[in-house]
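Below you'll find the structure, written out as structure tokens, and then a few comments.
Letters A, B, C, D and E mark the chains in the order given here, with residues in each chain numbered from 1 onward.
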Amino acid sequence: MSTTEILFWFLSALALVSATMVLISKNPVHSILWLIIVFFAISGHYVLLNAQFLAIVNLIVYAGAIMVLFLFVVMLMNLNSDSEPQKNSRFKVAGTIAGGCLMLIMIDVIRDAGEVQNAKALVKVGNIGLIKNLGMALFKDYVIPFEISSVLFLSAMVGAVVIGKKD
Amino acid sequence: MPITYYIVLSIVLFCIGVVGVLTRRNAIIIFMCVELMLNAVNLLLVAFSKMHNGVAMAKDPASTVGIDGQLFVFFIMVVAAAEVCVGLSIIVMVYRNTHSVDVNFLNRLKN
Amino acid sequence: MIPVLLIVIPLVTGLISFFLKEERSAKAFALLSSVATLAVSLISLFQSGDSLSTDASWLPMLGSRFSVSLDGMGKILTLLTAVSFPIIFAATYNNKYKSPNAFYGFMLLTQAGLMGVFCAMDLFLFYFFWELALIPAYFLCSKWGGEKRIPVTFKFFVYTFLGSLLMLVGILFVYFKTPDHSFAISSLYNLALTYGEESFIFWLFFIAFAIKMPVFPFHTWQPDTYEQAPTAVTMVLSGIMVKMGVFAVIRWLLPMFPGASERMADIVMILAVTGMIYASLIAIRQDDMKRLVAYSSIAHIGLMAASMFTGSASGIQGVIFQMFAHGINIIGLWIVIDVIEQQLGTRKFSELGGLAQKAPVLAIMFVIMSFANIALPLTNSFVGEFLMFNSVFNYSIVLGAVACISIILAAVYTLWMVQKVFYGEVANEDRVVLNVPINTQLMLAVLVAVVLFFGIYPQPMINLTSETVTKIIAQIK
Amino acid sequence: MSKFVYLVPLFPLIGFLINGLGRKSLSKSLIGLIGSAVILASFAVSLGIFFQVKQEGFQPQVIHLFDFIKVQSFNIPFAFQVDQLSSLFLLIITGVGFLIHVYSTSYMHNEEPQHYGRYFAYLNLFVFSMLLLVLGANYVIMFIGWEGVGLCSYLLIGFWFKNNNYNYAARKAFVMNRIGDVGFLLAVFWILAKLGTVSYGDVFARASTFSTFDVTAITMLLFVGAMGKSAQIPLYTWLPDAMAGPTPVSALIHAATMVTAGIYMIVRSNVLYTMAPTTMTVVAVVGLATAFLAATIALKQNDIKKVLAYSTVSQLGYMFLGLGVGAYTGAVFHVMTHAFFKALLFLGAGSVIHAMGNEQDIRSMGGLKKYMPITHITFLLACLAIAGIPPFSGFFSKDEILAAAYEHNKVLWLIGAITAGLTAFYMFRLYVMTFLGGFRGTHDQEHHLHESPSAMTIPLIILAVLSVVGGFVGIPEAFAHNAHALEHFLSPVIVKSTETAHALDTGTEYMLMAISVGLAVIAIIYAWTRFSKKPEIAEAEGAGKLLANKWYVDELYDKVIANPLVALGGFLKNVIEKSGIDGIVNGVGRGVNYAGRQMRLMQSGQVGNYILLMVLSMVLMIILVFYGNNLNPVLKYFSK
Amino acid sequence: MNTIILSAIFGVVMMFSGIFIHNRSAYKNISSAALLLLLVFNIFESQGSSLFNINTTNFLHFNKFGLLFNSICIFSTLIYVMLSGREIEKAGNNTAEAHALIFFVLCGIGIVTSYTNLLMLFIGIEILSIPLYILTGSDKKNLKGNEAALKYFLMGSFSTGIMLMGIAMLYGSGGTFMLENVVKNGIVSYLSALGMVLIFIALCFKVSAAPFHFWTPDVYDGAPAVITSFMATVVKVAGFAAFIRLIEGRLGSMGSQTDRLIAIVIILTLAFGNLTAVFQQSVKRMLAYSSIAQAGFMLFSLFAVNDAAKEGLLLYAAAYSLATIGIFAVLAKMDDMTLEGFNGLSKSQPLIAALLAIFLLSLAGIPLTAGFFAKFYMLSAVVKTGKYLGLVIIGVLFAAVSAYYYFKVIQAMYFKDGNVVLAPVTARFKYLLLFVAALIVVLGVYPNALLSFLYF
């Protein structure tokens, strides 16, 4: 087993375990912290895949900005484990089964897909994930969506103001 | 790494997110699970991007095929950020009015 | 030009009528408009050739054209429509309606729809007018009807609407089967359908028409609606609108699906004949004049439905003749019923009696209309029913014989009604005052004259339609 | 003259229109005058036609008026046929009709003017229809008249429409007639289906193309029509009830003319009937059964008109017996003589009723002889005629039928002869109870007894004369040299009607006559002696009660046919229609509503539930797409 | 490109007008003017003259259909703003911002009607959705509005996740996000098929097709009536524009599997929408369900991706949007939004009642109204494919059911007595409503008035 593989399995296990912990943590704050760990694990995967830019952005945007925002809101509301009454277990079981079925079905379907049977994701090589290449593409080929997403931000901003403003 | 590993990993992560959405009652946690789903997608996209890149590099080492996958991930992050901004403000607004973020209490509208 | 006038006059005047304020002017306006239509219709009888058809571009993308034309059958039915409306307006001239402008407006719009149905030579246009006739009728019944009008007329509406939607599917289907993607009658007469398609689409159309006619067992909307609708509207519904279904079968269903019509004839005829007997038996037990006439109408329509599918010239000829005859007769019956209901406030046999002493003229007219209703010779229905029974009998002796039982039953219930309402001692002597207005009497006299004229000398009308019948028979064969 | 045959029905029609429209403005005398005059005019024309027809070598003429119904496959013209048969009937109808009109002017004099006008309008209309019936040159025109007389019968039975029993009787008459009419109509359809024409000339000329089944069916159906119109078993019950109408109406419609339409029709179709022996047998049996049954019922009736009514039914049965055994001429002969004496009987009865102040029960009469001499004499003559006493007219006609029956089947003859005896018995029971003995009515009635005015008695006298001498037109060979004038006259329209009557030798014929006359005389004497001393006024008992109640046939019909039908109607109306068909229709509506209510519950308002349902649907959809086709590789659908 | 850029600019303008102009009734006028301008420029573009010369290859492609669709949406929005402008002011304190968000939504519509790249689809849909989350909750004090916004948001982002998963799988299979190249050289696999199904499901959610419709009644009911009006009409039909581009480009090649899938979705949508609407007492909620039902009919166009389907979708968009906007405009002025609230409207407001009746008739698909032709084209599109005639019959059966609940409102207005409390209406409002009704009738007699734009 190469280092890469070890890293892969480790990061995968970490991501899955942390993701599960997000679900089962009673305390919202803990959930958030576990989620941050998931993000770190995923960023690790990005690094492994030589997508360094995304790895950094993921950490900054998700783990850094978004999760802090979540944390902040949770703290603000002073939520803790007691404040969330549990759903009845029947509902939980149903939800788990439904999600599990979805997973099994999707994996089963994908397993038979021809073009991914023997395909490999390049690990550690390739430079498309470098910031230079991405930047070139982003501001040359992808300038239209890039500009248009500004509208998205505008509206999100307006929304945050409208909703968040105290009347 | 075989791409199937990544696919399976992503799907499992995605479905954990789905299960989270289904089983939790706290709107914030539900939202977090949605973010988890998005991250699973991101991981998958990057893996695919590298897969396509690898195929193209075999012919042309300078190929930038697959870069669009990573750019897509970038845009997903952008959108997610916007969404979080709006979502959290909605949650806060609801909390302000009802002092709860329990989705089960949200049943004034039904039938 | 003439068919366009027939459609446009009531359409435009109907729309104008909504804006009239006074009751008197609305009435007079409607009457005037309907008389104008009648004049045009009478002129049409003596016309032939180009003046009878108009063809204009309408929906080029769909392949539908504004194509209207009058053949013999069309002339007769437009004449029926054109004759009926002035008579209805004049006979019910004294009735009071709330918001009369809307009432007369809707009536005229209905007339426009009916005219369109009878003139249309484009299947899509036909469908359009088919619905145009329905909507105002729905409003008329719902707004000016009896106590239970809202649910009852709503049932009527949904029922017929459902039927026409099914027909719409059929229309679309045949449309895509025409070689040139057109709704024109000439293209539709040359459909090349497979066995299964034809059988299937046949039913889509037939159910729509059967609901409208109505043929057993699709009839249950009808007695309730007739009972609840204001009588002027009932006249339109039973006198003309049910003929739409019959007309449509002859104009569209039989020629478009000759094979299926022949294959399904047995089923349809059994249904129709069952319905005749069934409705007659129920009519025997009615206590309400309107309901009795309604069931009698179902029985009569059943005969028409049966004989249309015999595919014989005499049958179709009889049906066309009977459409007119039945329209005239039943309107006459309704007029009398309306007078009674308006003045005495009841239609129940149990509360009526001896009216012949109070209003002999009314009694005479009613008796004549009743005998026309049971197809006594020398009234117009005899001719039609003779031809129809004959064709059914030729098709199947058993069906013909069973159908003939309805002749007896018709006598039973019609005479029962006559006896209960007009004969015997006067019920509630003190409060019975029956003043039959002169306009009503006059209109009844006109109807009686028509009944007798075509009963004694039906040949002109038969000649008028013989060409149509020949064409249809040629198409079926 | 026969060109003007359209005038014959036209005059009554004009009379109908004038009287009908002017019934409020015209005076009673004018109405009566017009009503009678138009019939007289018709009679005059008929007479002219008759004399033309009577000439040797006259060929039946068809006068085409206009096309009635002409469609591609067939043509039914509005045409009249003038031949021996129709001209004879024209005479009977207009002649007897005229007398009855005259009689009516007096009999109905107490009516208000407008009802008086109505009465004459109906009566004229009736004559018009009846003329149409006999004049029509095809079955459809005959059917028009056929239903037309039914209508007039209905209108006249219910003339006094305030009385609901009368209305009921009228309705019953019409409906029973209609049952027959349906048979007639079906026969017409059958003929039309086979030959494409209904004109007598064409039908009879091509009758040989019918198969036996066809001709039997057609004749049977026609006979059903005759049953209704001519009151034969099983459709006879309306006729006694029809006595609700004014008495002249009973005389004209329910004795002299309309009810004989069935005989006319069968004689008209004799070509077809001769081809169908089965039907002939049925006709004979039904006719005889009716004759006998009605005669038995008549024995115990106490209403003067009811007795006459059952007698009419019985006599009609006789005529059908004659038809059934092939004695077409005999039947027509009997129609004619019966028209005379039965009209006379009814008019006489009317005269009595008139005098008695609308009392019809013979138990309250008696001894009228001295108050109403003319009525008495004429009534007696009529009774003798109907009883078959020579040389009155009834003797000859009845004898001809009986002779034919004897030739055909002796049992038929025997029952026929017994029936003749019964006839004589009940007629003289009636006569004796009415005219002989002492008056049994109230004092008030007695005070008012008087002979009727001349407008009533003159028709009585004329009819009495006809009843006496009318028989000589058909006098059998046994008596006279120039015998069977009627048969000779009718021979062009009747096929092979001669053999039967002629095959009998004179001796047998005398014997038969003797037996029937003997029976009649015995019956008369018995009746006379029994009732002149001790009138029968007690309620009948035992078998008599059965007869008095008409064998309970009406009750049976009610139980077996009418009530079940009405019950079926109620069942259909209340159960099938409401709960069945409409129930299904409304059930669909309710189902939609119910489904809506249930589906609404899915909308629980819980986000969790919503998403759970969405995820489950996703899973199901993926399964559907990827494993839907029996797990077939989906790739199959992808390869373009 | 005109629409996208100008609507974004106008959105910004509206934002700033909120800062500089404090007369709240002015926003409506500014907004109307801007929309008019937008409409004009959009029409210019459809005639081939764009203000901006930007190379949008690989991302957007502007064709007649998309641009005409934009026109319809902009026009409907214009009518909507003119009719309901005052109600927007009442729905929250941030009127200018609400107008700005409406413009941003239009920008999103401009994108989803013209995208050629899944990335643009994703961004477009998000631009479309995020302002709506906000608008739904714009009446902050209203608990129902809050609840609706949260539900909408949670479920919306969940569906976004599903769509992204689908897009990722498509990418994995084809290596590109371009619509036409998603399938590389025609090789398709379970991977791309699954991706397609997931995107399909997500879009079903956006257009509220069953069984992914659950958010719709609650959100439409909870949002302020005026916002519901916008969401249920303009935005919903835009979703279909996006949908049909996708199906046209890709899903159609999946053959009978897709047919079956769409057929099931159509039947479920029709059943849920119509049957549940029957039982509603609140007209607003009934309209929410009816919008699901109408979506079922619009889904027919996805079943049969052909010319008739596209024409029908255009017509449907116009007919449905105009009628629903008209009804909501009146509804928003009523105190009592239940059926009883409509009792006797024809007495107090005969004109408005008559116009409402026309709108309802149009929704029910009665001839002489645009709704009829809309349904007609949809049905004809399916019949034209020659497949699944039963689907059409089920469709018309449910159309008959739909008449049931639409007519309940008509019955209440015309045949029942009651006192309707209606906020005062201006003559301008009436005329505008009359204009809309006239449009519906004109389209109902002569649909080519609209459709001919598609061809020249």
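Everything that follows uses one rule, which is that a residue touches a chain if its C-beta (ideal position, glycine included) is under 8 Å from a C-beta of that chain, and two chains touch if they have at least 3 such contacts.
Source: prediction; values computed, not measured.
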item: Touching both chain B and chain E (chains); value: A, D
item: Between the pairs A-D and D-E, the one where more C-beta pairs touch; value: D-E
item: Most distant chain from chain D, judged by the mean position of its C-alpha atoms; value: A
item: Chain closest to the middle [Cα centroid of all protein chains]; value: C
item: Whole-Å separation of chain centres (CA-atom averages), chain A against chain B; value: 5
item: Chain A-chain E separation of Cα centroids, rounded to whole Å; value: 32
item: Centroid spacing, where centroids are CA-atom means, of chain C and chain D in whole angstrom; value: 36
item: Centre distance in Å when chain A and chain C are each reduced to the mean of their C-alpha atoms; value: 71
item: Chain B residues counted as touching two or more neighbouring chains; value: 3, 7, 14, 17-18, 21-22, 25, 30-31, 48-49, 51, 55, 65-66, 68, 71, 75, 79, 82-83, 86, 90-91, 93, 103-104, 106, 108-110
item: Where chain E touches two or more other chains, by residue; value: 119, 123, 126, 130, 133-134, 137, 140-141, 150-151, 154, 158, 169, 172, 189-190, 193-194, 217-218, 404
item: Per-residue multi-chain contacts in chain C, two or more chains; value: 158
item: Chains that touch, pairwise; value: A-B, A-D, A-E, B-D, B-E, C-D, C-E, D-E
item: Of all residues in chain D, those that touch chain E in their complex; value: 589, 592-593, 595-597, 599-600, 602-603, 605, 607, 609-611, 613-614, 617-618, 621-622, 624-626, 628-629, 634-635, 637-640
item: Partner chain C, residues of chain E touching it in the complex; value: 311, 361, 366-368, 372, 376, 379-380, 383-384, 386, 389, 392-393, 396-397, 399-400, 403-404, 407, 411, 414-416, 446-448, 451-452
item: Sites on chain A touched by chain B in the complex; value: 4-5, 8, 12, 15-16, 19-20, 22-23, 28, 31-32, 35, 38-39, 42, 45-46, 49-51, 53-54, 57-58, 61-62, 65-66, 69-70, 73-74, 76-77, 79, 84-87, 91-92, 94-96, 98-100, 102-103, 106-107, 110-111, 116-123, 125-126, 128-129, 133-134, 137-138, 142, 145, 149, 152-153, 155-157, 159-160, 163-164
item: Complex contacts: residues of chain A adjacent to chain E; value: 106, 109-110, 112-116, 141-142, 144-145, 148-152, 154-156, 158-159, 161-163, 165, 167
item: Touching residues (chain side chain D, partner chain B) in the complex; value: 600-601, 603-608, 611-612, 615
